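What follows is a group of structures, each given as structure tokens.
Below, subunit A partners subunit B and then partners subunit C, in two separate complexes.
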Partner chain A sequence: MTPEEQNFMRKIENEEKIEPKDWMPEEYRKNLIRQISQHAHSEVIGMQPEGNWITRAPSLRRKAVLLSKVQDEAGHGLYLYSACETLGISRSEMIEQLQTGKAKYSSIFNYPTLTWADVGAIGWLVDGAAIVNQVSLQRTSYGPYSRGMIRICKEESFHQRQGYEAMLALAKGSPDQKAMAQDALNRFYWPALMMFGPHDSESAHSQKSMEWKIKRETNDDLRQKFVDQTVKQIEVLGLEHPDKNIKWNEERGHYDSSDLNWDEFWSVIAGNGHCNRQRIEHHVAAHDEGEWVRDAITAYNEKKRVKKAQNAA
Partner chain B sequence: MTKVTEKLELFEVFVRSKRGLDHKHVGSLHAEDHEQALEYARDCYTRRSEGVSIWVVKSNDICSSQEDDADCFYDPSDDKPYRHATYYVLPDPVNNM
Partner chain C sequence: MSDIKAATLEYATRLGDDSVVLGHRISEWVSYGPFLEEDIAYGNVSLDYIGRARMFYTYAAELADDGRDEDDFAFMRNDREYRNLLLMEMPKGDFAYSQVRQLFADVYYTVLLPELLQSKDETLSAIAAKAIKETKYHLRRSRDWVLRLGDGTEESHKRTQKAVDQLWGYTHELFDMDETEQLLADEGIGVDVSKLRDAWFKMVSDILTEATLTVPEDSWAVRGGRTGYHTENLGHMLTEMQIVHRSHPGCKW
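Here is the complex of A and B:
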């Protein structure tokens, strides 16, 4: 090991954070850029399935809540893009990678939101799963990423609680409403579990990421946490658990559960989910349609600069 | 693709959460000028009454010490242990001074 590498590894071992100007292995930098940009893209693309329901939410209160939540996600995207930029990649490079399919985002957002209950299920389960992951990432070794996660975690709790509250209203409502809640649970439960990624044995980046403390807990451990915490929540809703094999295992102190449909997982990642194409098309369209605003800002500023120079002269 | 965010300047954002406390660095953002940076900062970083005052500073205007040179940069202080309170050994009865 070179002295630089030694110094870097010493910081990692002592739980000291790595900061932007520190020396770091090229692979560490690449790994972080991949993970943080993917995380940022997920926040941004994640606005689409819920944004789809803002105008159709069943009351003014629910509209306001959903609007706030989606606005938070835009903010999360910003925090993460900023953290990623400290690694030497520009915002526009990242956006280009997203739009050309070179960078990924969480597969969960390629599932459609068919009913209002889906919005509740997303807040409860999808944000719930994201929280489990993000709480763990507060201890990640890269300083700007860690600080971003701490900030995001403070905001996420509201996301999950408003989703659960919406599910609760449906689950305690008419038989039709309850059926709608059950259907949303059945559809979103499995993809939510897939959000934690493949089994650790199949995960291409896991080992190095754990060594460098970019990731602090394995995919399977985090998934287990989520499985465990969700059982009681389903019970309180009075809904049926989608996994018929869910069973408390006294010895492990955890719930045993069915394995996931990994063919579906890999197929959605490969671009064959319900909404993959639509999500990116929408992102490109929104970006293009916003061009005149960006141009106007630049033109306005140029005008101000000229005026200022004239006044000074 | 237009690379507007590249033309936009990078700003660092500092928020004072309560009167009497320091401004604390909370993150960064791209904006055209100070005025716009302040508005963006308000929208991004103070949606839940996190602050009573915001500073925005152009990242380029920040001059920082090199952390890699930390050893020699801070060296001059390291051989002055008498700057620490614990350096002075006092009798027990008065030691909480």
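Here is the complex of A and C:
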């Protein structure tokens, strides 16, 4: 090991944060860019399935809460893009990678939001799963990412609460509302579990990420936490658990559950889910339509600059 | 119900309608903005208007005292019963169109809200106090955008001028008075908007001129929002907005 590498590993072992100006192995940098940009893109693409219901929210209060949530997600996208930029990649490069499929985003957003209850299910289950992961990432070794996570976690817990509260209103509402809630739970439960990624044994990036403390807990451990915490929440709602094999295992101190449909997981990751094409098309269309606006800003600023220079001369 | 109370109920409903309709239109931009910061800004502005709508409707419901709540006002009235200004209901169009509409609305509120703040009606005055702060920020944003778009590229200039020309005719009714509003203005409760046109015109013309845009001639005017004679756009907007609420009568959300 070179002295630089030794110093880097010493910091990792001592739980010191790595900061943008510190030396870091190229693989560490690449790994982080992959993970943080994926996280940023997830926030941004995640605006679509929820945004799909802003104009149809069933009460003014729900409309306001949803708007504010989606706005927070966009804000998270911004911090994460900024955190990622400290690693030497620009936002426009990241956006290009998203649009060309080189960078991924969470596969959960490739599932359609078909009813109002899906908005509740996303807040409760999807944000709930994200929090389990993000709480763990507050201790990640890269300083800007860790600080971003601390900030984001605070807002996400509000999101999860509002989602669960929206589900509760449905579950305790009319038979139609309750059926809507059950249907949303049935559809979003499994993809939410898939958000933790493949089994540890199948995860291409896990081992190195754990060693460098980018990731602090394994996919399967985090998934188990989420499975465990969700059982009680479903009971309180009075809904049926979508997993018929869910069963407390005294010996492990955890719930046993069915294995996931990994074919579906890999198919969605490969870009063939229900909404993959639609999500990227939407992003590309908005970005392309915004080009003349971005050009206008550049032209306006240039005119102002020239004018200022002339006045100064 | 006294004439004044009935007129105040109608007035609060009108102002609520303006807010909910414009707030809804702005919210249509979320995830469609030219860049992420704009998605956030649109969300912010939309939230402010939805918040205003809730305050106006809650007050209207209190005055009506017939068991209705804010959501009944927003979701259970048809387009013919809505009393919003037509400007607010126009579709989002392109980015220039939305920003020009926003400028017209923001300047309108900039001249209107300080008057409403003086209202003898404490609730209306309190809503105005909160809204004034929001409008200050809204106007800074829409003004900056119109300047940049008007004086940006040839394309942005063309789009922005087109938006100004297409929306201008909808601005006249912003300053119309009817019996209801006259009664309230005489009582020191409502605002006499007919007196605000000059201030609005001066501010808007200054901004458009600075943005190298042409201030249109007053050659046409379309009116009808306050009497429920809307454009074809509102029906579609409300269809979307009200569908879930109306599909589950009497439910809580």
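Operating definition for what follows: the second predicted complex is superposed on the first by the 313 of 313 C-alpha atoms of A that agree within 3 Å, B and C clash if a C-alpha of one lies under 4 Å from a C-alpha of the other, contacts with A are read in each partner's own complex, and residues count from 1 in each chain.
To be clear about the criterion, contacts are C-beta pairs under 8 Å (C-beta built on N, C-alpha and C of every residue); 3 or more make two chains touch, one makes a residue touch a chain.
Remember, predicted model here, so these are calculated numbers, not experimental data.
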Side-by-side fit of subunit B and subunit C on subunit A, or clash: fit
Touching partner for A:Ala64 - first (subunit B), second (subunit C), both, neither: second
Geometry of the superposed three-chain model: angle at subunit A (Cα centres of subunit B and subunit C, steps of 10 degrees): 80
First, second, both or neither for A:Arg294, with subunit B first and subunit C second: both
Touched partner set for A:Ser90, first subunit B, second subunit C, both or neither: first
Subunit B versus subunit C as contact partner of A:Val306, first or second or both or neither: neither
Touched partner set for A:Ser174, first subunit B, second subunit C, both or neither: second
Touching partner for A:Glu19 - first (subunit B), second (subunit C), both, neither: first
Touched partner set for A:Ala166, first subunit B, second subunit C, both or neither: second
First (subunit B), second (subunit C), both or neither touched by A:Val236: neither
Subunit B versus subunit C as contact partner of A:Gly148, first or second or both or neither: first
Lowest inter-chain C-alpha distance for subunit C and subunit B in the superposed arrangement, angstrom: 7
Residues of subunit A at both interfaces, subunit B in one complex, subunit C in the other: 68, 71, 75, 78, 287, 291, 294-295, 297, 300
List of subunit C residues in touch with subunit A within their complex: 20, 24, 27-28, 30-40, 43-44, 46-47, 50-51, 53-54, 57, 70-71, 74-75, 94-95, 147-149, 151-153, 155-156, 159, 240-241, 243-245, 248, 251-253
Interfacial residue positions of subunit A with respect to subunit B in the complex: 19, 21-23, 68, 71-72, 75, 78-79, 82, 85, 90-92, 95-96, 147-148, 151, 155, 287, 291, 294-295, 297-298, 300-301, 304
Subunit C contact footprint on subunit A (complex, rising order): 44, 47-48, 51, 54-64, 67-68, 70-71, 74-75, 77-78, 81, 116, 166, 169-170, 173-174, 176-177, 282, 286-287, 289-297, 299-300, 303
Of all residues in subunit B, those that touch subunit A in their complex: 1-7, 10, 26-30, 32-33, 36, 44, 47-48, 64, 66-68
